[in-house]
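Here come two complexes built around chain A, the first alongside chain B, the second alongside chain C.
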Partner chain A sequence: MNSVRNVYLFPYVVWIVLCVVAPIALIVYDSFFDIEGHWTLENYEKFFTPVYLKMTLSSFWYAFLITLFSLLIAYPTAYLLTKTKHKQLWLLMIILPTWVNLLLKVYAFLGIFGTFGLANAVLNAIGVGTKQLLFTDFSFVFVSVYIFIPFMVLPIFNALEELNPSLVDAARDLGASAWTTFRRVVFPLTLDGVKAGCQAVFIPALSLFMITRLIAGNRVITLGTAIEEHFLVTQDWGMGATIAVFLIMIMAFVVVLTGNRR
Partner chain B sequence: MRRLTWGNAYLLIVFIILYTPIVYLLVYSFNSGGTMHHFQGFTLEWYKEVFQDTRLLMIVLNTLIVALLSALISTVLGVIGALAIYYVKSRQVKNTLLTFNNVLIVSPDVIIGASFLILFTLAGIKLGFVSVLLSHIAFSVPIVVLMVLPKLQEMSPTWIDAARDLGANEWHILTKVILPFITPGIFAGFFMALTYSLDDFAVTFFVTGNGFSTLSVEIYSRARQGISLSINALSTLLFLLTIFLVAGYYWISQKGSRLYGMWKK
Partner chain C sequence: MRKLVQSFIAVLLLSLLLLYVSNRLNEAEGYAGDNTLIVYNWGDYIDSELITMFEKQTGLKVIYQTFDSNEAMMAKIAQGGTTFDVAVPSEYAVSKMKEEGLLLPLDHKKLPNLKYIDPRFLNLSFDPNNRYSVPYFWGTVGIVYNRDMLGGKKITSWNDLWDKDLRNQILLVDGAREVMGMALNSLHYSLNDTNKAHLEEAKRKLDALTPNVKAIVGDEIKMLIANEEAAVGVVWSGDAAEMIAENDKLDYVVPKEGSNLWFDNMVIPKTAKNIDGAHQFINFMLDPKHAAQNAEYVGYSTPNKKALEYLPKEIVDDKRFYPDFDSIEHLEVYENLGKRMLAYYNELFLEFKMHRK
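After this line comes the complex of A and B, so read on.
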């Protein structure tokens, strides 16, 4: 028995060491080197200057907005989906767009938000007039929310499905209004789904760099954009690694905060 | 009743918003006007352009090879990993392994990409096909583990005991008892790994170097230059492929659950 266990354990642990532990250790290690390869703490000093702190804060702010709007749209969607007749089919319809390459969806918005695109045609039709939509904060948040909605709907839908409907009936029988039932019974019981959804949205929202690059031009800089820029454009791996270390810490924090499921 | 209609209207709007960009892409792939506004006339010119673009076809081929190879290898590794976690007795060790397993799933792509870039540079692996393949294997393994492990846990441990009592050796137990039972999980893991690999952009973008490109990276660099309707044509073709894959995945998982139902009786 023991020998069998080791046979499986060995390759798996090798994978863990090579692909999980080593890369993260290397990121931390690299964050202590400057661009010329000298050992230094300068990167961390630089991170605490207003430029980087402001970027971190704005990245947080955008991720927060994206998570909030995704939640506000996804919760009612998930709730209404559980009330439909063929709910598994409708759920599949919500998930299907996630199988389309993310870049293609973002690319589609280049057309929709363009000066002569669909969005401006609609705005013209309702009398608002043509607006510059591409390369604005609005378009960045909109496209991100669009991308993340299915990832928010799925865990909330599952949580709502697990909810025992007799609890809702009991609350209504005992005289609670629809809103009170939702606030005191339904929402607390589906909180795990909400947390899982927020985790699935917030972390990528901090780090996706292709949406900002394609849709927001250089107006919005997130932690992900900054890391990409340091690694692939300015080649300052040390500083990029330092930002990555902070992103990992934030990620760990978010996972712990939204964790404690089961 | 009135509330229900409001609800349906809300759902309808959500669905319209979800599908507008996709339909938009598909419709304009037939636009002879060459822009993503003002539909001028129907043409298949962009599809012709896609099929005549040998560089693009090579990239599609590369993407498929990377996806299939990485899905195959990561499925093998993932099954081994799931078995390793399954056989570990101590709960603490089990949870530690699972935590390490999940690190790559919650990690943002930029972190995975940047850390693998450092790793490959340090290990002296030339950026290109090999580095892309290795990184795709790396991030697909934990997904396969998570798809296979629940199947293993569904399996009654008495079966293994019974097989051993009847004189089966470890290899027989694996191939005659365990693997047939977890086959649906293995297929689900393989398909997930395949789609993750096909879909990945950020990690590939970091470790791809010059010369080698996958479809996502190519779409990104083309989209950065502005609108070109051959991307639309390409996306229509990819969308059809996706539907095909989803259908395949559901067919297999349906078949799997039916087989499982048979076993349960």
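After this line comes the complex of A and C, so read on.
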């Protein structure tokens, strides 16, 4: 009996070893070599210099902002979605943009946010005047939030759908106001969805790189940007791998922190 | 659900069929045979008519593939998956590839048209006697600026960029050597300087430029400057020529403190299978008429002396892109500084990018 089960397990074990364990092991291995291929701990020392610590902090800060705004927009959206008649259709409309290639969406914003773009035309029309939108923190966070929103909406929507409506009715019957019902009943019961959504946004947001160049004009440097540069330009794979190791540790920490689902 | 599965299978079958048909078509046209030539070049860097002409003349089929950075190209050639027959690296990449044994020596007997190349572009330090490479295009790094947006002010030097009036008006190209080189030149140091004190000084000078820098971008810079998103850009000469073709308010200048002179070169990488065909291709591109046609299409400057006779006068006489010998004498070619130094340049460049306004 046991051996039959092991046979079924085999493909999964191979998959996990080849696609999860091996790459991480390789990254850790690479992180111990300097640019000339000598064994060293120098990369780890270098990570604790102000440059990389500052970069880590700023990556955290932007990922936090992106997650926060995504959540602020996605929760009400998901809540309203569950109340609409054609839920699945509306949900599809929100997911649809993820079918378009990321690079194309980002390029589109280059045009929209440009000095002579749509956004500035609107600002001009309402009398605000032309503002620099492209290459600012605002545009970076805005575009990132736009890209990540579907990933936040989906888990929250599912959690809200699973919520037993009779619990809400019971709360109201027992005299709770709409706000109290939301705060004490709806939100705690959908917290797992919120956590899943935050993970799905925060973790990739930590290692964003392309948007930092196209939309933020390299004025925002995240750990992802540094990894890209070390692997492609400097060819200092050791340092790139070291940053990746720290990124993996941070992500594991975030998962543990937001994990413990029942 | 069943319908979904059915339509999915239908799409899959259709794509397989199309793949099969396109394969057969390629075979019919000879792509799968031995008479192919795989050319690996920068994007939009050749007049495709010339490829058709070459195919007709030689009966070879050219498969044209593109890359967007020397580093990416070298990584792919080192990996060796595709049998690239001709590649077009920049000069510092030629010396690096040479060091790493990624190049095959050229047979000059098979390249009679080499005699048309201007001698001042031959036998350069990165490849003595042109053993491995032949120049394809050359150019400079300089400043492109919009006369109208600057209100008639002229830019002639790197140090003009530090002017307080240019606040938030400059776009830089995302290259460590270009930007660090600009700062070094503005301090009258060599752009191949390896003195750490000088490099630190250059980095501090760049930090002072931060308020004027709107963004540090890649290829988008062409579109952004042509659309007047910013008044000033630090760019390669050929990109500047393209921008000027789109927006006639733009002008290009090679700063007087000095700048980078670069060469893109045709080489035969060690992955080559059709070595004879590769020589034929290189020789074909060296033919003055073909070189002229290519230069007119691409917009960069040709090193082919004889080709200049076939180019329109307004192109050849444009001192911005075909400067006199005297005016480029003080320009420097990038030297291969070694991995460690290059990493240090990049480190400083990264720190400059992180410097907030």
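Descriptive notes on the structure:
Criterion: the second predicted complex is superposed on the first by the 247 of 262 C-alpha atoms of A that agree within 3 Å, B and C clash if a C-alpha of one lies under 4 Å from a C-alpha of the other, contacts with A are read in each partner's own complex, and residues count from 1 in each chain.
The working rule: contacts are C-beta pairs under 8 Å (C-beta built on N, C-alpha and C of every residue); 3 or more make two chains touch, one makes a residue touch a chain.
Just so it is clear, the structure is predicted and the values come from calculations on it, not from any experiment.
Of the two partner chains, chain C is the only one touched by A:Met55; chain B is not.
Once the two complexes are laid over each other on the shared chain, residue contacts for A:Tyr8 go to chain B alone; chain C is not touched. After overlaying the two complexes on the shared chain, residue contacts for A:Leu26 are found with chain B alone; chain C is out of touch.
Contacts of A:Gly114 after superposition: both chain B and chain C are touched. In the superposed three-chain model, the partner touching more residues of chain A is B, compared with the other of chain B and chain C.
Shared-chain residue A:Val128: touches no atom of chain B or chain C. When the shared chain is aligned, chain C comes close enough to touch A:Asn218, but chain B does not.
Looking at the shared chain after the overlay, A:Leu167 reaches neither chain B nor chain C.
Once the two complexes are overlaid on the shared chain, A:Leu72 sits clear of chain B and of chain C alike. Shared-chain residue A:Gln235: touches chain C; no touch with chain B. Residue overlap on chain A between the chain B contacts of one complex and the chain C contacts of the other covers 110, 114, 116, 213-214, 232. The residues of chain A lying in touch with chain C in their complex are 35-36, 51, 54-55, 58, 110, 114-116, 132, 134-135, 213-214, 216-219, 221, 226, 229, 232-236, 239. By the touch rule above, chain B contacts chain A in their complex via residues 4, 7-8, 10-11, 14-15, 17-22, 24-25, 28, 35-38, 77, 80-81, 83-85, 87-88, 97, 100-101, 103-104, 106-119, 122, 138, 141, 170, 195, 198-199, 201-202, 205-206, 215-216, 219-220, 223-224, 226-227, 231, 235, 238-239, 242, 245-246, 250. Chain C makes touch with chain A in their complex at residues 69, 71-72, 168, 171, 174, 176, 214-218, 220, 223-224, 227-229, 339-340, 342-343, 346-347, 350-351, 353-354, 356. Every residue of chain A that touches chain B in the complex is listed here, in rising order: 4-5, 8-9, 11-13, 15-16, 18-24, 26-27, 30, 73, 76-77, 80-81, 83-84, 90, 92-94, 96-97, 99-112, 114, 116-118, 121, 146, 149-150, 199, 203-204, 206-210, 213-214, 223-224, 227-228, 231-232, 237, 240-241, 244, 247-248, 251, 255.
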